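Going by the order they are written in, the chains are A, B, C and D; count residues from 1 in each one.
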Amino acid sequence: MRHLIADPVVHRPHWREPEDDQLRLECGVVGVWSTDGDEASSVAALGLHALQHRGQEACGIASVKDQRFHTERHQGLVGEAFGGPDLPERLPGSAAIGHTRYSTAGGSFLRNIQPMFADLDQGGIAIAHNGNLTNFKYLHSQLVGEGAIFQSTSDSEVILHLIARSRKAKIVDRFIDAVSRIEGGYALVCLTRTKMIGARDPLGIRPLVLGRLGDTWVLASETCALDTIGATFERDVEHGEIIVIDHEGLRSIKPFPARAARPCLFEYVYFSRPDSIVNGRSVYEVRKAMGRGLAREHAVEADVVVPVPDSGVPAALGYAQESGIPYEMGIIRSHYLGRTFIQPSQGARQKGVRMKHSPNKAVLQGKRVVLIDDSIVRGTTSVKLVRAVRAAGATEVHLRSASPQILFPDFYGIDMPERSQLMAATHTMEQMRETLEVDSLGFLSIDGLYGAMGVGARDNAHPQFTDHYFTGDYPTRLLDREIEEGGRDVTQRQLSLLVSA
Amino acid sequence: MRHLIADPVVHRPHWREPEDDQLRLECGVVGVWSTDGDEASSVAALGLHALQHRGQEACGIASVKDQRFHTERHQGLVGEAFGGPDLPERLPGSAAIGHTRYSTAGGSFLRNIQPMFADLDQGGIAIAHNGNLTNFKYLHSQLVGEGAIFQSTSDSEVILHLIARSRKAKIVDRFIDAVSRIEGGYALVCLTRTKMIGARDPLGIRPLVLGRLGDTWVLASETCALDTIGATFERDVEHGEIIVIDHEGLRSIKPFPARAARPCLFEYVYFSRPDSIVNGRSVYEVRKAMGRGLAREHAVEADVVVPVPDSGVPAALGYAQESGIPYEMGIIRSHYLGRTFIQPSQGARQKGVRMKHSPNKAVLQGKRVVLIDDSIVRGTTSVKLVRAVRAAGATEVHLRSASPQILFPDFYGIDMPERSQLMAATHTMEQMRETLEVDSLGFLSIDGLYGAMGVGARDNAHPQFTDHYFTGDYPTRLLDREIEEGGRDVTQRQLSLLVSA
Amino acid sequence: MRHLIADPVVHRPHWREPEDDQLRLECGVVGVWSTDGDEASSVAALGLHALQHRGQEACGIASVKDQRFHTERHQGLVGEAFGGPDLPERLPGSAAIGHTRYSTAGGSFLRNIQPMFADLDQGGIAIAHNGNLTNFKYLHSQLVGEGAIFQSTSDSEVILHLIARSRKAKIVDRFIDAVSRIEGGYALVCLTRTKMIGARDPLGIRPLVLGRLGDTWVLASETCALDTIGATFERDVEHGEIIVIDHEGLRSIKPFPARAARPCLFEYVYFSRPDSIVNGRSVYEVRKAMGRGLAREHAVEADVVVPVPDSGVPAALGYAQESGIPYEMGIIRSHYLGRTFIQPSQGARQKGVRMKHSPNKAVLQGKRVVLIDDSIVRGTTSVKLVRAVRAAGATEVHLRSASPQILFPDFYGIDMPERSQLMAATHTMEQMRETLEVDSLGFLSIDGLYGAMGVGARDNAHPQFTDHYFTGDYPTRLLDREIEEGGRDVTQRQLSLLVSA
Amino acid sequence: MRHLIADPVVHRPHWREPEDDQLRLECGVVGVWSTDGDEASSVAALGLHALQHRGQEACGIASVKDQRFHTERHQGLVGEAFGGPDLPERLPGSAAIGHTRYSTAGGSFLRNIQPMFADLDQGGIAIAHNGNLTNFKYLHSQLVGEGAIFQSTSDSEVILHLIARSRKAKIVDRFIDAVSRIEGGYALVCLTRTKMIGARDPLGIRPLVLGRLGDTWVLASETCALDTIGATFERDVEHGEIIVIDHEGLRSIKPFPARAARPCLFEYVYFSRPDSIVNGRSVYEVRKAMGRGLAREHAVEADVVVPVPDSGVPAALGYAQESGIPYEMGIIRSHYLGRTFIQPSQGARQKGVRMKHSPNKAVLQGKRVVLIDDSIVRGTTSVKLVRAVRAAGATEVHLRSASPQILFPDFYGIDMPERSQLMAATHTMEQMRETLEVDSLGFLSIDGLYGAMGVGARDNAHPQFTDHYFTGDYPTRLLDREIEEGGRDVTQRQLSLLVSA
């Protein structure tokens, strides 16, 4: 990019610990549509609160009342921004959409907080987007060439410009025009003066569910938001489906050619909340099944099974139940996050991670420990944890990842490091074991993972899920990447890199 | 408008006292162009500081370094926002433009803080604008119909969209394309990756001057900004002139047909700082000449001449010198502005204005007072002052306005009330005298004002200045107004209203 | 009190959910003493970070360098206030003490943030205090009568005034003078220009441990702070012991007559972190033993054992291991706290609690559930959880409390509701079962709890622990209460109330 | 001092320009007493607003309602802190006192904001204080030795401790006890549960006036506060007088031996607002008389008389009227204060002062200028102004100070630099003229000043006014200074320094 726009706002400190190497999903979305009252924004706020595990650093809500839009976008937690009793006054109306997100690097963070809004000649439209477009740069460049002025660096704004420039008369047709031109993984919730629109990408990579609370329709990234709102789960929005809700009721449109769905496996491995039902499967049960599979694939003699909290808990329970080894809370997680602390120089080197995870000596001392994590990305957190577990007296540490080796970057909304930063992409198994300083190391196999999903094995001809981070098999074309790399096929290039690594 | 977008930012309290009925000019602009160093933003900040009498509620600076743009926009005073020593780091580069403004009503205030920025395909452009377009709504509606998305309600953004959509290849040609379509009064300062552009409307309604500080070129609304920066005054930017400054030096372009200039008289009456030289005339000396003319036109037997500080001071000095009546500071102005105070119910009714102006009993008691103000708008402040002067013991109060009666609204950047709120437009002279509770009342005549400007009398065929607020003679077409009123000629309609009033 | 002083500071929103009926311990303390360097405040900040489960709404650190004191006291989390790299500059010196606390009601909250400081004629003294004095009002009234001016409503300031008014020459003697006059439960950490002093009440009600990090001495409320700092655990400060640390080393003083210790049981039941070793016992292991005892005392046929996270997790693991019923995460806890959300009127009544706890349908549907909580206070949270668990499809809910019925208020630093608000004090067992809407209800017995502590049964003649909340057997005189109630013996009065309830 | 306590609060930027070498008076006070209603704090806020020229960096109000005290203390302007309509709710009651102050250096600024409050055994007392005690350190040291704990470094707190420790039964007697022990210059306003007390030092160094608004009594530092409130001026509080106001009415107590008053001359020279009547004299008229005397003592041939605004305006008018030389606004003062701007390196050296004062070229070019300032302290501002006036084209600059040479520091509440920083104390007249780069230089004589005060000449045996800054004749003993300097007489030492200078 050639420019940086930094609108200084009073920054609240960021809640992310920089040394943390967890993956991040960039967004959660919610939509609420009713025929009267001013509570849509309050319902949306409850939903966003439940979706903060998908992004907790900024949030926004747009509502519409009497054809006027009201928007607020904030840094910080949903409860801080939208928990107050004055919300129906600040954001009145019977329909509202909301968004919660992680920050991205750079000064444009504040401009990229969603929902985004455009004032079209037929009236305004607000949009909230979870996912990532794989032809964003291509479309952005085309639009700028036509004189469009962008106020953010967000791919959501590309969609707004496509809608604004559509020559169709009706807003729904303009929306269809726009989504027909975008590629990638996305779940969209839009609000016009009279309608709420929901849409999911043709492969259903990103999730979106439909719920109901009395006369109120609710769209949300996960069912846990419906539960918090008190809404009943109606059904998943289908892959490639557009849902339009207005005073005449709900209408379903399927503008794309019919294809099989390929939902993202990482929603099960890490992103979704354990109490959510994603594409008809309980995330908690899938994770326990992953742990059971892991126990079968990578058994070991040990005294205790210890999860890396909180994401490793269900897999560790599954591992313990399958193996018969007792499950214990050998690592305590602090919930008082904050900026990284300055490390007093007298102290040991690994103190950073202790701020979040503390070993529980009473459980670990003199024990052979099976340590269960959901996945291993860079490996930097894992090695700190392993050392802390050993320092607490563990005699053996056997590390188990409840998902396969992560080998390829993601382009559908997961904030994943470069390939060169992915431990499994740059180390052999034995190198990893040594680097992680463990007695043994095991990853769940691809088929083990598909088994935990309840589909038997992977159908390599027509894979049932999006799994490129493990396999390199990207479910869509990657236009921006191809242009950047001069037209070479990306997966091939990645695979050749892997071979040479 | 159909929507309201309120991006909540931490609001600093506004510095405007609501009961104040002074006119407001909406902006001051500055531009700084040099070939190296990172001090352009600091120089621009000094210039903005000196221009805050033109708008003190928000300010912004955009700089460019190595073809990257940096922008900050703040609510509050320039010293608060840009006085810090870290400015060259925050806004680096050898070129910068800045803007200071009054707030407008409504939630869109924050989005309208300038400079505004657009990322074109040839690179970014930032714009700072003082003035008002009389065909803003017309152009806005056209652009939205073509799919443009507006992020503000500012007419400056219209200019950006016109530039972005121009089919010309070079940025200067695109800029000329854009200004060829706008109408009204304006002084523009723009910054591209490699150039600074300044422009003034075809009649020179709004002022813009060119200065120099060593190798650095400076553009500013008034010469007082050059003085504060330490730059020498080179010349006025001419009416209808476009100035382009880059590494090849300064180039002047005159894309419009040649016409006589008609600068705005209110710059002399009220807006410009007394130490500025506007269009070659000292504002201080013009104001003193207005006071001398007023003494000749409206002499009275009295003991003291008292200005309404600070704007009435030079005219009062002129009146005193011409009349031989002693000049005294009979009203003390408080410089600790702030929100209006709650008025304790025991207190008298006129306490509001006392927060800003306090009568000086020692000067007023038992005296016949000539009270000099620069102009009379609604009359609400005047009547409070007159009462306060009488309460302090004045035996007679003779009110004199150093400018003619204000009868018509402005559309070129002055925040003027509706006609129905203008005292002189709705009262006869005797009604005004009674309402203002004064013993006598006098306004400088139009020819007295032209005389003070040093041009003899008004040339009614080709008026030398913009003076529609006194005469109804608007210097340009008022397209938005005409469309709104169904095509009727505005001045005619205004005049007919005047007759019936 | 006759007055309210509200010093308005920019308030950060409070992190407590008002509907939450958990008990609160009001403080954690830390002290760091070394001979050189400026890192004592950074080490103290790490320790405070680990103690925020004891109070997370405000924190403060005082350091001393070259005999000058530096203090900062903040609302909000430790990481926010003291996580920055500039801490050694802001709070320099080789010795520091710190404090973290819950807020108390009322406008005096900000003045009560610790450490508190007094400038004595021999030099300053700062104090951090965990606990509560039972003769605070008596001493406060005496001191005010003698002309002392209080700046807070904190009992810590009473100690400062007692030190300031002592006629002894040396600071340690003045400190002993002061603690000889106070009664109740307390752990104190003080800092003078040259010494750090630690003290624990004669019965050791509140905990305090001593650790070491190289040449640096550390005092802290719990061992988890030592672990986070990287210090080794040396020993508990003993009941009634005063520890003085200066450049000559560590000195132990025992000014009180020898008595048996009676540490507070609630440190094990709820307050201390599971990875802490309190008075020689692993909190995690004690809690698991409580769960095992509960399984023996209150067995039931069921399908799953579900903890109320996080405090019920170890007891639930113990219950599951003893009973053989599988342990499952049937309730998911949200870590994104915040203000209570406005409840949209369409929604159900029990939504409040769902913000923190979400039932995991996949685990609960069609199951007979044993729900394990650490204790039951008002019962308001419990009933919401029970309803949520049933709404998620549980066919039976058997509620088990890992501690006995809470019948009496605390006066030693636990923020406990009035007796009239304690469910067990106002309901029979069957009334409780009905109110809580459970199929069966069981509390761990007193002897079961003493058993989990590893001391067999309670020695009623000389009870081994402070347990008045269960038994009414207060370990000290309650002077303020006695004066307030006209001299009647409090326990007797409480017990008679209980009988009549 | 041995310690620094810095309670971090969100700091608003300071409004003082560091390069500014004006004197500062540290405070203004106000008191409002009525029998009912909740508007006392709003009336006090209006009064404080009018007193901000005496200190504008912090302000506070304490009110009492139903024997409960309410206090707020803020950094920043009165209008910001107390201008809101919710003030009667925030600070309810029919009696209130207020304080406005300049900041002092150091971290203790926030703790020193007044009013200060103490909770005595008969009820609370709040105090607001303008002035300075000359035996503060002596009393502070005594009180700390007796065990008093100070929360501020303010001498006002000494008075509170003296009241708290008095053995008298009634609050008024305790107050008399306390003021009997303090020395220096002071105006005090106190509030108890049922009374308002005002007091002025035995010589009346600092001013205090009594006013009335219906049934409401008002105390204030200056009459301009009464005018803003709308109250009538009743009389000055007399030197050494204590006024007690309660439901029985107003009572006057004179506990000190009768002496002649010696009010501070600097109230007339600089501090008081020109529209105030101080000790029966119009400040404006005194300043004009000073200007007339200056014209007689230091006449010069010149073209224009130019004031340094705003404080030099009345003296310049007097000089102009006496000399017949025209008065012109040759220097324009900016009212947009703020932090000092970073000075771009290209610019000239004297730019700092231009931020506040801008020369008006139209008035100065080619002119012989008499420049009138109220006083000359360090001379640093003066030399910048003289250079700016010359740079604007003045051919001669004749500097005139409307007060005598400042030779000695103040200990009664004026924030004056060290003697070594006072220009007149370290330079001969010719050295000053050269350093100030002026063609001629003149100071009003002591007798000229006394003449302007209307008392003929100075009575050297019994001087009518406090004038030590000009004469070295301190009106009271300076106990702290004497102790510090080992008992030597201060004035003597100062005079001997002067001789050697």
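Simple rule for what comes next: a contact is a pair of C-beta atoms (placed from the backbone, for glycine too) under 8 Å apart; a residue touches a chain by one contact, two chains touch by 3 or more.
Remember, predicted model here, so these are calculated numbers, not experimental data.
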{"item": "Mutual neighbours - chains that touch chain A and chain C alike", "value": "none"}
{"item": "Chain located farthest away, centre of chain B as origin (C-alpha)", "value": "C"}
{"item": "Whole-Å separation of chain centres (CA-atom averages), chain A against chain D", "value": "62"}
{"item": "Cα-centroid distance, chain B relative to chain D, in whole angstrom", "value": "37"}
{"item": "Centre distance in Å when chain C and chain D are each reduced to the mean of their C-alpha atoms", "value": "50"}
{"item": "In chain D, residues with contacts to at least two other chains", "value": "none"}
{"item": "Every chain pair in contact, whichever chains are involved", "value": "A-B, A-C, B-D, C-D"}
{"item": "In the complex with chain B, residue positions of chain A that touch it", "value": "2-10, 67-74, 117-121, 123-124, 141, 144-151, 160-161, 164-166, 193"}
{"item": "Touching residues (chain side chain C, partner chain A) in the complex", "value": "13, 37, 39, 42-43, 45-46, 49-50, 52-53, 56, 77-80, 82-85, 87-88, 213-214, 216, 224, 227-230, 273-275, 277, 282, 284-285, 313-314, 317, 321, 326-329, 332, 334-348, 351, 354-355, 358-363"}
